[in-house]
Amino acid sequence: MCPPSDHSHPIAVDAPDTATPGAAASPALIEDLVIANHILFDQGVVDAFGHISVRHDKRPDRFLLARNMAPGNVTSDDIVEFTLDGEPVDARGRKVYLERFIHGEVFRARPDVMAVVHSHSHSIVPLSVVKGVKLQAIFHMAGFVGQGAPVFEIRDFGGDSTDLLISDNALGRGLAGMFADADIVLMRGHGSTVVAKSIPQVVYRAIYAELNARYQLQASQLGDVTYLTAGESQACLDRVEGQTQRPWDFWKSQARERRRGTAG
Amino acid sequence: MCPPSDHSHPIAVDAPDTATPGAAASPALIEDLVIANHILFDQGVVDAFGHISVRHDKRPDRFLLARNMAPGNVTSDDIVEFTLDGEPVDARGRKVYLERFIHGEVFRARPDVMAVVHSHSHSIVPLSVVKGVKLQAIFHMAGFVGQGAPVFEIRDFGGDSTDLLISDNALGRGLAGMFADADIVLMRGHGSTVVAKSIPQVVYRAIYAELNARYQLQASQLGDVTYLTAGESQACLDRVEGQTQRPWDFWKSQARERRRGTAG
Amino acid sequence: MCPPSDHSHPIAVDAPDTATPGAAASPALIEDLVIANHILFDQGVVDAFGHISVRHDKRPDRFLLARNMAPGNVTSDDIVEFTLDGEPVDARGRKVYLERFIHGEVFRARPDVMAVVHSHSHSIVPLSVVKGVKLQAIFHMAGFVGQGAPVFEIRDFGGDSTDLLISDNALGRGLAGMFADADIVLMRGHGSTVVAKSIPQVVYRAIYAELNARYQLQASQLGDVTYLTAGESQACLDRVEGQTQRPWDFWKSQARERRRGTAG
Amino acid sequence: MCPPSDHSHPIAVDAPDTATPGAAASPALIEDLVIANHILFDQGVVDAFGHISVRHDKRPDRFLLARNMAPGNVTSDDIVEFTLDGEPVDARGRKVYLERFIHGEVFRARPDVMAVVHSHSHSIVPLSVVKGVKLQAIFHMAGFVGQGAPVFEIRDFGGDSTDLLISDNALGRGLAGMFADADIVLMRGHGSTVVAKSIPQVVYRAIYAELNARYQLQASQLGDVTYLTAGESQACLDRVEGQTQRPWDFWKSQARERRRGTAG
């Protein structure tokens, strides 16, 4: 193993504020984004890595994302506004996530998407590297997974010696293109990105995608699996995601309880 | 993936109070139901979803179940009375669980049953989708599982495009019918329902059914498994469930300790 | 499933005090036994079930064991003295563990043994039911496991319709006989019993037997496994168990920290 | 099983202070070493066993390591200075880790290495004993693992009846020699040793090596796996490890929060 080269580009990067600030995002939206960071950590979807964004509620060509830091400690002061090109509006010298291009390009490609989670959760990573295996809806809570989630193979876009990260807009566009017929895309040897109409829904999906992967790993070892049909997936999606308020309220109450009396 | 359609029926529903209130249930019964909700959450049997009911101790044609909410936060004010048809008696505008029909129809079909748990615990779901595999008693704590738990395949009752949920009395009756010779029924791609003579016993069974499933998943990967014989299952059931007070007292003390000083 | 029969014998039993009290056991020994109960719970070896005993330090024909209760809540007031026949000396009406015969008969058969743990830990149970598989030392911390732990098949002693429990002295003697050449015996569909020269050592062994089982389950799924040789097992046993004070001190400090400020 | 022999050498040993103290190490370095002990415990890499060392910042021929104790409770008063031969400089009668020879010989063989972790984490041990299987980089966070970590088979150095421990300088040199082309070496039936340029980096690597092993165990059971190419491993290493400050800051904040108000 060689040491990091002088030309390495860290995951946390400095980026100048090149765009003009506009109307401020709703404080309620920012508060939801903060608590979503905590929930994703509490539920084991992210550790010190992974991130969640939301489209700006006043300007659909902008999105909000924490500065470069561990999600579990994010506060409202840590939220930065970005253009869809991934340029920070108000970073004011704070380092930002290298992989912000995932969010910008997905928001651009899917105007209906309001929130995006990128993570490396524990059962998604192994599923992403097994040849011929696709994440597929196995239970009623994960209808959004559908009949076989696409897998983003970065070798098709950047050759076989990349760092696997979505480190520029071109790679972001490659990944975003796979969301044409899917709300979740696995990334080989890396993790997944999942999209939804709201913060509660995308948090719900990130948590249940991990569970679906876990159950699929376990069931596949025992024999042939009965997956959901396309009709079942759609019906489950319609029904279960008709409201995600129940789990959201609960996870929020837990996240607040855990942080009671702490600085964070 | 399409967005939820306008005609979707959420898991939490509004239902008018159509039945007449009668004698109030025992406060001790309600207290046990509340703590059972907490225990099932603490032990990982339910997350933000899943529910437990108890038959009304004054009126066997009624049962008690929390309003639509996460079990971990239930208080006595959240308990709602229902008829066996699943009609709320005193919801007073609070949303109720869509799947209350599971409880009503099982209480109707099995007059000996006093308590019901429906959940999606982590090892039950994968076992429910493997073709040709049945949950089977593997250790002395799970004699109630017997020699192969039936699996409810909703396609046999509602076709291959349902949302997998027990969303009306007809589906509830279909499921309830499978309890003729069993105290636990798996539901393909969904979870399980387990019944017992009391709240402590049904909580015990929900927890140990999950463990039995977990051990079965692990053992099956290594080779042929020696399951309990019918005689062993029955003897274990007689012996171990002769009293469930020991674990119940312990889980209760833990649940209270964890909630000490919290709002809940 | 039938309800418990009228003739069922619960796990917790009433037993009259038939023996004469003698010299009191050392308070330090009782304190270690109490904290050992807590450690075994904290480390996941026991849940609401399972128990640990120690030989009486003044009378080798007696042993100490908690009254019938969950190990995590045991205090010094809950410790009961027993004869090797499993007769309580000072139960004073408190219910006792049905399976106390495990401890008495093992102490009788193995005069060198000072402490015994019986448990149903999560990786031991599945290993106990796979045909042709034996728990075998896989890493340096588990030399005491040796070259293949015997499995107690209760059908050989009580037929194929027992409740799998060691509910009398005859079954206890059957189990104890398997400790002639082993310090750990698996019990099919039930769990394991492990013995040692002291409380810290038996706690150590119960914890690391579970880890050995877990690693063995995982490794066996990937291919042929290199187990420890007999020479390695013995050398590891000599070296690692030469002192168990390091983990014992640490587990004890954790157990006390967790119970700080609680009633227990 | 025989009892420990009279000639057994415990894991904790007494060693006289034979070398001369020199310039004191930086307090900041010692503080980082203390918190690293806590993080490795919190993240499940070590339990009551395992250790982390750092090269002395004033004298490259010395290193710092805790006295013999569980890492989770280490304080700055517990840090001892050693020569590369493993001789304590200031143990002052406190017992030291038997396996300090791992650290000394690796620091000697690899002048570029500044920090070393030796542990028995839960997925590394099973991978270390499966014939023909090597730990291999499976995701972008573990580029440092490379194309197949070497496995140290102690039978090649000490015969087939050792205690598997690195109990002298000769065995330490045997292990250290395997770091010529690797930053992580598995030890059959024992665990692993991982090296890096700094404390934060070696902690990062120990945590993510365990995750890589866990994902590899799971993925291998499902089919053929796409591992990282050599180019991808190197690019991931360059990029991701260009900074490990993000996870380090987060783990540190968690470790401090957990120990708030405790004696430790």
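Per-chain residue numbering starts at 1, and chain names A, B, C and D are given in the order in which the chains are listed.
As a working rule, contacts are C-beta pairs under 8 Å (C-beta built on N, C-alpha and C of every residue); 3 or more make two chains touch, one makes a residue touch a chain.
For clarity, every value in this text was computed on a predicted model and none was experimentally measured.
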Classification of the subunit A:subunit D interface as same or different, half of numbers criterion: different
Rigid-body rotation angle, subunit D and subunit B, from Cα fit (steps of 5°): 180
Relative to subunit A, chain with the most remote C-alpha centre: C
Subunit A and subunit C, separation of their C-alpha mean positions in angstrom: 46
Between subunit B and subunit C, centroid-to-centroid distance (C-alpha), Å: 33
Residue numbers of subunit A (touch at least two other chains): 221
Chain contact graph, described as a line, ring, star, complete graph or other shape: ring
In contact (per the touch rule at the top): chain pairs: A-B, A-D, B-C, C-D
Footprint of subunit C on subunit B - complex, ascending: 112, 138-141, 143-144, 146, 182-183, 197, 211, 214-216, 218-219, 221-229, 231-232, 234-243, 245-247, 249-251, 253-254, 257
Residues of subunit D defined as touching subunit C within the complex: 1-5, 7-12, 47-49, 68-70, 72-73, 120, 122-123, 125-127, 129-133, 160-165, 167, 188-191, 217, 220-221, 262, 264
